[in-house]
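By letter and in written order, the chains are A, B and C; residue numbering begins at 1 in each of them.
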Amino acid sequence: MGVLSLFGGRYKRGKNRNNGHSVAAAQADETLSGSLESDLDRLCELLAKPEDMNVRRLQIRATGEHAALIYIEGLVDAAEIHTNILKPLLLETEIGRQSPISIGRVEKAGNWSDTTSAILKGGSVLLVDGSREALVMGTQGWPQRDPTDPKMETSLRGAQQGFVETIQQNIALIRRYLPNRELTFKNLRVGRRGDTQVSIAYLADVANPDILQELTDRIGRLDVDLIINTGELAELIEDNPYSPFPQLLVTERPDAAVSHIAQGRFAVLVDRSPTVLVGPASFVSFFQNIDDYSTRWSIATFIRMLRFLAFFISIILPAFYIAVTSFNFELIPLKLLLTIGTFRGSVPFSPFIEAVFMELTLEMIREAGVRLPAPIGQTVGIVGGIVIGQAIVQAGLISNIMVIVVAFTAIASFILPNLDMVAAVRIIRFSLMIAAAMFGIFGLLVGLMILVGHMISLESLGTPFGSPFAPMRFSDWRDTLVRSPMWKLTRRPLSARVEQADRQGANRPKGDG
Amino acid sequence: MRKAAGLLGAALLAIIPITGCYDRIDMEKASLSLVSGIDIDGQHRAVHYTSIPVFNKAASRKSLELKVVEETQRQGRGYFDAYTTGSFNSRKVKAVVVSKRFTQEIPDWFRYMDVFFRDGRNPITSRMLIFDGPLDQLFNFHSPGEPILPLMLMGMLESTSGRSESVKTTLQEFHRQMNEEGQTPALPEVAIDQDAKIKGTALLDHHGRYIDTLSTQETILMRILQKSAGQGINFSLRLPPELTGATNKEDWISIATERVKVRIDPSYKDGRFRFAVGVRISASVVEKLSSLDLDEFNRQAEVACAKQIRDKLTNLLDKLKQDKIDPVGFGIYARAYHHRAFEQVKQNWGEAFGRSDVQVRVSVSFADEGSVK
Amino acid sequence: MKKYAFNEITTMQFIFIISGIAISYGFIEIPSVLYKKAGAGGWITLILGTLVTMAANLAIVQLMKKMPDGTILDLLAKYAGKWTARVAAVACTAYFLYFAYLGLVYSTRIIKARVLQETPGFLIVFMLLVPTYVIARSGIRIVGRYAELSMWLSVWIPFIFLLVWKHLHWLYLLPVLADGWRPVVAEVPSTFYYFLGFFSTAFLYPFLIKKEKAVLGVLCAHMITLLAYLFITILCFMFFSPHEMSTVNQLGIYMLKSVELPFLEQVEGLFIVLYLFIFSLSWIPTYYLTAFCLSWLTGRADHRPLMRILLAGTVVFSYFYLPGFNTVYRLSDWQAKVGMGFEYAAPVVLLGWVLLRDAIRNRGHRS
């Protein structure tokens, strides 16, 4: 009783109806008995006596009660336990009004499921003989890394920080940018066995409550074992997982996530995952990069337009080449026609086979280069790109023009800042190539029409994906095709459907000298 | 329901590749006719020519020329197909050449061009040319210094029409001219005289029959009247010796036009059309052989140049009136402003033009004398 | 009770659906028709025709104001009884289906003649109907977005046509009134065919968010249609010699064939295919409206199965028979006649009758 009485607050595992079958469900409300020995036995039985669980029996010096401290090594910060729990309990001779345990987060747990859950998550549990409540202390100290430069989304001028694998640290990284009362984190738990903490971050007075409700409902309805990655969560809650387009933005950078939160969107953080989901996303969000806002607006505009151009080139160019050389060669200017004709005359395959072959080769080289360690990866890239390409042309299997087309397409797709969109481009490109191979330019256009039709009917958390093109919203164009100067971005984008839209005052009022 | 739709979709998608791609023709498997020609042989039959590029790197010649005697262009295709490795098509014809004899001896020869307009995939931007001589000469002309026939023809045409020394008539333009009651057609004329060259402009009448040729100089004047002259047209004129005080060979002056404004005012009186043509030229002097002081005698020099140009224009117009042809398009003006009167003569505008009265006024002003005095 | 609550379209989408259905493939044929009927003053006929069309469309808007939350079928059900509305629904279904089918066949014929000569027609129809299904199955909102996007994507078309400026002779426009005013005014009804499709206003009205902008929207839509048509008509008049116009089919495409860009030659193969965006506006919204009428008739909320049957039926039908160009022209003539009655005359009559009934009812109440 003694020590425990100084603590208030009950430890709650968090509301998640889907958690638990078998052992956990049965024990959900079973309470501790009060007798130390029987409680310890029960605990070892419930947890199946893992090797890494440590049971430290002790006698609290001040009160003389027998107690046991249970924790799982590896999940806890051992130094904290030794210094702040064991030492005071063992050495303090008097307990005054305050407890000797100097741990920040301390709660009481009354039933077994909360207790076992706490142990499994890195807390330490103190069982005191005669007490029907266990003391749960937050002593988490599993191995984690410092925020380092995000691997995939590098920025030339932005912060060199990426999200880490612990959700509390990620929340802290976001709070650093927005020390504002309105920044709210709504916590949910996902996964029967994983019990992963998922946090939705948003600005309470800006973000749309309907979207919040939708997002919460979708995550709440999930019935899975565990979520390992944000990617899994994204696929489970997306509006249309069959679409080639991603509907939720995945980012590794705190500054990017915060930028979206400030525009009125929602960021979903998943524990143990260094990436964060941002929604609702529109088509143009995948073309925006945090660097656009650090560089000057004219060059940022130019690069934005280049990205859109690159998108079109990377989906259309091989298909256009196939269409033009197989169906509509009258489009090519005469001199180019003679050149291409000479090249193609020595190649045995049709343009479609050529194109598919080269694209598949490029995809294989790309995949090979991704997983290999750095030095080998680079060599493979060079060998693949230069040597194989050159050798294939000289052997007469593929024409020069095809290699140029494929290389240009690959470069264009690398310009896109978002990996999911690059993946989408790869899929779309193949479909358009097939369409062009069957019907020429007409097939290419029908493919584009289908793509457009699909994109305009796609929604991301209830917001139109094609905005600001599909429902044409000119005011949103300020941050899409062009990156307007900073003082002009006075309102949040309409695609976020915000409640409160002013984000800037007049920073360059007219008549300013 | 969903499953059924999915199966149906899959079935349809499977059918498409099985049935094949109908219109697909890989470029190297096509024999592209780049130049098409029609001539007439001794027995008064139409002979069709074609020039096809060879895409084989190992071949000695870069292009292949074929000819066949057939009734129509389309019929000639079968023959050409038999002789070429690829499948013949005329989707990329860059130039259509007709021989002068063909235009003179076949009435309404424009009918032979019908396939270019009717078939949806044939181009109408092909340039039309008239060849002075038998087409055998042109299609067998392989000069080692020149590229293949289509490139050679196109190149010559671009450079001369760029300087306004010849017209550039595409199939579409020719179609317009043939269907225009108020204008007679004009085609660039090619001849082989040691080397291939553009001789000038061939003028045809309403039915397409060859009537006359304009030299390159005359073509320049005609294009000025048509208001389609380019920039920097060169006139080399002789100033009157009273002005320059020079002996015979030194009174040349060359001017390059900067701006030419032409105004044509039609009127109708006493059963005849009258056209008042006003030409205002702003030019810079580029060459002056005499020692005439242009600062002092500026006005006189301008007037003298204007008179020279006026004489040239009048000669040209007299020639056109005598031939009873109107490549400039005076008839269009007549129709626009004097519709009723034009309606009466529109069946044979050439005649009416021959009877009409054309008054020319030219004024020249020197914008720039050049770097030396 | 808002029956059509979640399917809203903005004013701009409203404008673009109406003008899209009108313009679709009309701009290819309209110059030759205008010249044949009204001579060089044909563009005046066009302007007059637009004014008449605006008036007719405003009549529809006035009519729909009586029932802001329902389509014209609901209006008829209220004022004329259920069975009249049912008959009208059948008529509307047939009309829209005919409209869509003709637009589809015309586009297929153009593609077959200019781009894919040897591919069987039903394959082209099938290819065109796949995006139709993707777009039309999701409701009027998506159709509206598509109409908006297509019109913006087609805004380059006039600029391409301007590339033929070297071949233009403005003298061809004179004399404007060669035969006086009579042919110009008398031939105004022949332009009505090219404005058909504004009857969709009667179905779009309940979905419009800002109903007070309906009048403005209608006027804008017809202004856009007028500008598009006027542009191409005057351009054609300046491009072709007068006699030439009667010798050429599909003037718009012929003009396009003379465009030469520095990096692409013979661009009409590319541009005709790009025109498909705007051609498709003649059949995509109308297929949707057909399915909508059908679903109203059968009382179903979901129009998707009906849409699938319609589209599949069209593909199967075109496997067996695809009308040739001349048949298409004759069918269009017939459609023009029906359309004049349906779209121009009927709403005015209906408006008159509705006003009369309301007046009688009011008088009845007062007495």
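Just so it is clear, a residue touches a chain if its C-beta (ideal position, glycine included) is under 8 Å from a C-beta of that chain, and two chains touch if they have at least 3 such contacts.
None of the values given here were measured: they were computed from a predicted structure.
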Checklist entry - Centre of all protein Cα atoms: which chain's centre is nearest to it? => result C
Next on the checklist: I want to compare two interfaces, A-B and A-C. Which one has more contacting C-beta pairs?
Outcome noted: A-C
Checklist outcome for this item: Per mean C-alpha coordinates, the chain lying farthest from chain B is A
Checklist entry - What is the distance, in whole Å, between the centres of chain B and chain C, each centre taken as the mean of its C-alpha atoms? => result 41
Checklist entry - So what's the Cα centroid distance for chain A and chain B, whole Å? => result 65
Next on the checklist: Suppose each chain is reduced to the average of its Cα coordinates; what separation in Å results between chain A and chain C?
Outcome noted: 46
Next on the checklist: Which positions in chain C are in touch with at least two other chains?
Outcome noted: 115-116, 119, 123, 265-266, 269
Item to check | Residues of chain A whose C-beta touches two or more other chains | outcome: 327, 330, 334, 439-440
Checklist outcome for this item: Where chain B touches two or more other chains at once, the residues are 16, 21, 23, 91-92, 121, 123
Item to check | Parts of chain C lying in touch with chain A, wherever the complex brings them together | outcome: 10, 12-13, 111, 115-116, 119, 123-124, 127-128, 130-131, 134-135, 138, 142, 145-146, 148-149, 152, 263-267, 269-270, 273-274, 276-277, 280
Checklist entry - How about chain B: which of its residues touch chain C in the complex? => result 1, 5, 8, 12, 16, 19, 21-23, 91-92, 117, 120-121, 123-125, 170, 172-173, 175-177, 179-183, 332-333, 335-337, 339
Item to check | Residue ranges of chain B touching chain A (in the complex, touch as defined) | outcome: 16-17, 21, 23-28, 30, 32, 34, 53, 55-57, 91-92, 94, 121, 123, 150-151, 154
Item to check | Complex contacts: residues of chain A adjacent to chain B | outcome: 325-327, 329-330, 334-335, 337-338, 340-342, 344-347, 350-351, 437-440
Checklist outcome for this item: Contacts from chain C onto chain B in the complex sit at residues 113-120, 123, 126, 167, 169, 171-172, 174-175, 178, 240-244, 247-248, 254, 257-258, 260, 265-266, 269, 305, 308, 312
